[in-house]
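For reference, the structures are reproduced in the following blocks.
What follows is chain A paired twice: with chain B in the first complex and chain C in the second.
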Partner chain A sequence: MTAMRRLLPGRLLPAYAFLYVVFLYLPVIFLPIFSINTAATPKFPLSGFTLKWYHDLPRTPALLDATWNSLVVGVSASILSTVLGILAARSITRYRYPGRRAINGLIMAPLVLPEIIVAISLLLVILQLGLSLSLFTVVLGHVLVCVPYSMTVLTAGFEGFDRSLEEASADLGESAFGTFRRVTLPMVAPAIISSLLVCFTISLDEFLIAFFLTGTEATLPIYIWGQLRFAAKLPGVLALGTLLLVASFLLMTIAEILRRRAARRTQNEGGLHA
Partner chain B sequence: MTAAAEGSPAFGMTRARRNALLQSEPVQGLALISPTLVYALILLVLPILAVIAHSFWTKNYLTVDHTFTLENYRLALTEPIYRDLLWRSLYISLTVSFFTVVLAYPIAYFISFHGGRHKSLWLFLITIPFWTSYLLRVMSWKVILGYNGVLNSGLMGLGIIDEPSTALLYNSTAVIITLTHAWAAFAILPIFVSLEKIDRTLVEAATDLGDGPVRSFLRVTLPLSAPGIISAALIVMIPTVGDYVTPKLVGGKDGVMIANAIQAQFGKASNWPLGAALSVTTMLVVTLIAGATVLIIRAAQRLAR
Partner chain C sequence: MPERPQIERSMIEIRNVTRSYGSFKALDDASLTIREGEFFSLLGPSGCGKTTLLRMIAGFDNPTSGSISVDGQPMEGIPANRRPTNMVFQSYAIFPHLNVEQNVAYGLKRLKLAGTEERRRVEEALAQVSLTGLGKRLATELSGGQRQRVALARALVMRPKVLLLDEPLSALDKKLREQMQVELRRLQQAVGITFVLVTHDQYEALAMSDRIAVMFGGMIAQVASPKEIYQRPVNRQVADFLGGMNFVKAEIVEENGASLVLDTLGFGRVKTDKPKAFVRNGAAATLGIRPERLRVLWDDATAKFEVAGKVVERHYFGEITHLIVEIPGLEKPLSVTETNDFGADDIPVGTTIRLAYDPEALVAMAD
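Let's look at the complex of A and B:
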């Protein structure tokens, strides 16, 4: 019995954890594997190594357009959502007022709504207002789904923040804006950059809202969606997908490192002044 | 400064009061959050209200007839195709949330109770695949389960099967597997958070009072982590009910879900009122099921104690 007690969590759980991580990563790993395989269909055994699928990518004008569109949308959406996120996160962590929880819930709601509902309701209103669908309408939709993530990253960054530092700054004669710029901003900068990266990644990868709200211009996921109909195009799509995976991975790793640095910074400062 | 304002006798007094009001916490807080709030009101609340309004109207050739009617809802609830799609979507999303929660719980438990110094590294490791494009993750399952895919060619290579199986792709099982994989990280985080909040002395107390590890887990840890289980289940169930990409890519005919029908009404069929009614029905039904799930888990939590 005691042996089993030790064995159960001690051995089984790590083994399970390992298998689970394999389950999470395995499907994703097949994309890069088959993107460097010579065969046009993704099957075993692998037929040989090639980089030709990557070689063809920069020679596809439609793909270059889609990349540019994705960058424009991603940069606009991440800046706009982070600005809205900063205002909201600051308000939620710094002030107490009636309706605070309800407002927070409303802003976070896109996180738990089916995406199709968000997409079609925006589509309906945009068309009713007589606006034409464009990359701008895609940005509007992406901001809506990015703000909750931005809020999560930023509230975590703002929460550990020691308010006495701001009070000290105000007592020493700084204006509210001066305090924000010289005390608050440097402390929360890592969280802000982290939010920008997270929002950019979400926008870069987001398909459904862009699919409904774009006019004729495609973003990268929409381009991929269009290519999926052609079996012969699959290796190219796999190569492109691999590049997107690597980009998301790098961006999120940087965001995570920054987030941790932010957490450490606010904690340390808080600890010193407590 | 306008003449009207200066002419008002109470102005001198109210200015002081107004300043005090402007500096008060509620006003400053609300002012600060107002841009984000207004954004959400205009681009989320207003559009959803517009969808609800549309669901009570009818399509009249190219225009929309604004007379109130429940006809769309009658269609959405009684027309066999929509009823079946709704049921299938619910069945798929419930199955997926069940599996994601059951598979995620041990891993969240492992990280929280045995993660040691590497807790945040584990969490990072587990959330990273989730940050890759959803479309790409679904696509990779298509690559795995396809007729000429990884699994078929792998099994044939190992001599387990003689010819490729068509049973893997284009059915609701493929949709369930894909969604379970896609939403895994979403289930782990809330469970992890609620496990972290558990006071470890309670578990020790249970052990000291003679409960074995299984009993103390069932009577202390599991019930106390119920809030995490609830949010994990909801966070998976609600979005997956309206999933569009997965059924479209790996579902085939047998795996079509309600979102595909909604999309058709806003696209080709161009019957916005019906599409709106389907959307509202889906939201209402999933809210009901979500509420029922919360009640069931809470009841189980009470029974366990």
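Let's look at the complex of A and C:
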């Protein structure tokens, strides 16, 4: 009995972990596989290797428009969210005031709210305000969902930032702006870039809010959704999806590396080993 | 001893400075003069207002009322970056994204010196703190002691009129701390800049300072030389903070110009110097004597002034032994520290011993 008990978790745990990972990532792996298959329908066995679907992508004007729209929305939303995130993270990490935790919670809330509810509510508000739906309204929606991520990344970068560093700079004759430029900015720059990348990635992939809040202009996820109605367009969508996947993966990896570097930089200050 | 030339010009004038946070007064009507070229320490327990005062001199905080001037210039409205002071922070505050040289040159960049002049001053500052050759190191690659030196060099390179040091040695281990005390003192004498040190370590203050201000609860209790602070504390609080002190109840029999006559149990009638800031509060006073100023009398040795009592405790500390001796008539037993050269570590508990003292070592304190 005791031997069994010792063996079971020992053997089953790795198997469970393996299955879990396969279930998570298998669909993701199918995407690139079928995107280089000659057949238009995604099924095994594969019929042959081709880069035709990738080749066709730049020749689709609607796709190019959607890509451009996504870039515009992504860049705008990431800059706006990061600026707001910097202000919020600075206030949360630097000052102590009543309601600090509550405000932090409210800013983070969109992370757990059902996105479709958020999207519908935003649509109602925007229509009530008399704004017409456009890429601008999509940017507003994306800022709402991006700020919590931006905050998380920036808070990690700002926390442990030794305030005496800024005082030391002032003490050595530097002005407030000079201190920001020569001390604060270089130290939190990795966190800021990381936040920009994370927000851009989220905006790039975001479908629901963009779908509800855009006018006639499609972003990439909306374009993809539209293409799914035509079976013949599926391989092209798979190719596009693969590219998006790779881009997201790269951006997030860079963002994570920068975030860790920022955290290390601010936290190794004041090491007391003599 | 040759007298120092008396050209003592004042460098920092603190006049009736109060700093309140709501109803709490971190500093309460403090006045102080710090002289040019002296090593001055603000000594006191945490929360006594010493750091608040230092930060107000640096310009990181402002008095609620009162005034501070440095080198004859009122500091009101002058921000930290335009004051002739530089600070060594408790955490050192070394810029982690810059190397040692860049840290030291940080403040010089604003002065727009010629490249060679800047290099020369950085090299000179690094040499002053014995860091020559480590200029290219990153802050993360330095030990605590080295970071401390970088912080010093970075401040000294600015050639401030006043160098402010906020508990600069508290993060170092004991041995390094003692070594740095000697070095800091030597450095201060070499550069001749006024140093203002904040510390809660009485030995640090005694070892390094020309003068010390002892602070409690936002108020300055005594300003004097280390020797005077130690030997002639103005009250029990100061006496207690600066090492061990035996307190004996006393009654004032006679008070005149410079001396006091006190009646005590145990020590009898004693005539002592009247402390400078002695403020009489009825007839009651306290007589103090440091444990090391009581000496054990061996065998038949006699002294002009002695008390006898029974040893009730004995604690061994290597080079010294700490005896607790009950004296008839005293409400509290006396602490006695005796070097172990003559065998104080072998005195059995319960023995009656005689203790010699010098009446000069007795200090009267207001109650």
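Operating definition for what follows: the second predicted complex is superposed on the first by the 248 of 274 C-alpha atoms of A that agree within 3 Å, B and C clash if a C-alpha of one lies under 4 Å from a C-alpha of the other, contacts with A are read in each partner's own complex, and residues count from 1 in each chain.
The definition used in the following text is that contacts are C-beta pairs under 8 Å (C-beta built on N, C-alpha and C of every residue); 3 or more make two chains touch, one makes a residue touch a chain.
Predicted, not measured: the structure shown is a model, and the values here were computed from it.
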| item | value |
| --- | --- |
| Superposed model, chain A: greater residue contact from chain B or chain C | B |
| First (chain B), second (chain C), both or neither touched by A:Tyr16 | first |
| Which superposed partner A:Ala102 touches (first chain B, second chain C, both, neither) | neither |
| Contacts of A:Glu174 with chain B and chain C, given as first, second, both or neither | second |
| Chain B versus chain C as contact partner of A:Pro186, first or second or both or neither | second |
| Touching partner for A:Tyr25 - first (chain B), second (chain C), both, neither | first |
| Touched partner set for A:Ala232, first chain B, second chain C, both or neither | neither |
| Chain B versus chain C as contact partner of A:Leu208, first or second or both or neither | first |
| Which superposed partner A:Ala88 touches (first chain B, second chain C, both, neither) | first |
| Footprint overlap on chain A, where chain B in one structure and chain C in the other make contact | none |
| Contact set on chain B toward chain A in their complex | 25-30, 32-33, 35-37, 39-41, 43-48, 50-51, 54, 103, 106-107, 109-111, 113-114, 120, 122, 124-126, 128-129, 131-137, 139-141, 143-144, 146, 148-150, 152-154, 157, 181, 184-185, 212-213, 234-235, 238-245, 249, 259, 262-263, 266, 272, 275-276, 279, 282-283, 286 |
| In the complex, chain A residues that touch chain B | 1, 5, 8-9, 13-14, 16-17, 20-21, 23-25, 27-28, 30-31, 34, 41-45, 84-85, 87-88, 90-92, 94-100, 103, 106-107, 109-118, 120-125, 128, 140-141, 143-144, 147, 201, 204-208, 212, 221, 224-225, 228, 234, 237-238, 241, 244-245, 248-249, 252-253, 256, 260 |
| Contact set on chain A toward chain C in their complex | 162, 164-165, 167-175, 178, 182-183, 186-187, 265-266, 268-274 |
| Touching residues (chain side chain C, partner chain A) in the complex | 58-60, 79-82, 85-87, 89-97, 106-107, 110-111, 139-140, 143-145, 154-155, 158, 171-173, 176 |
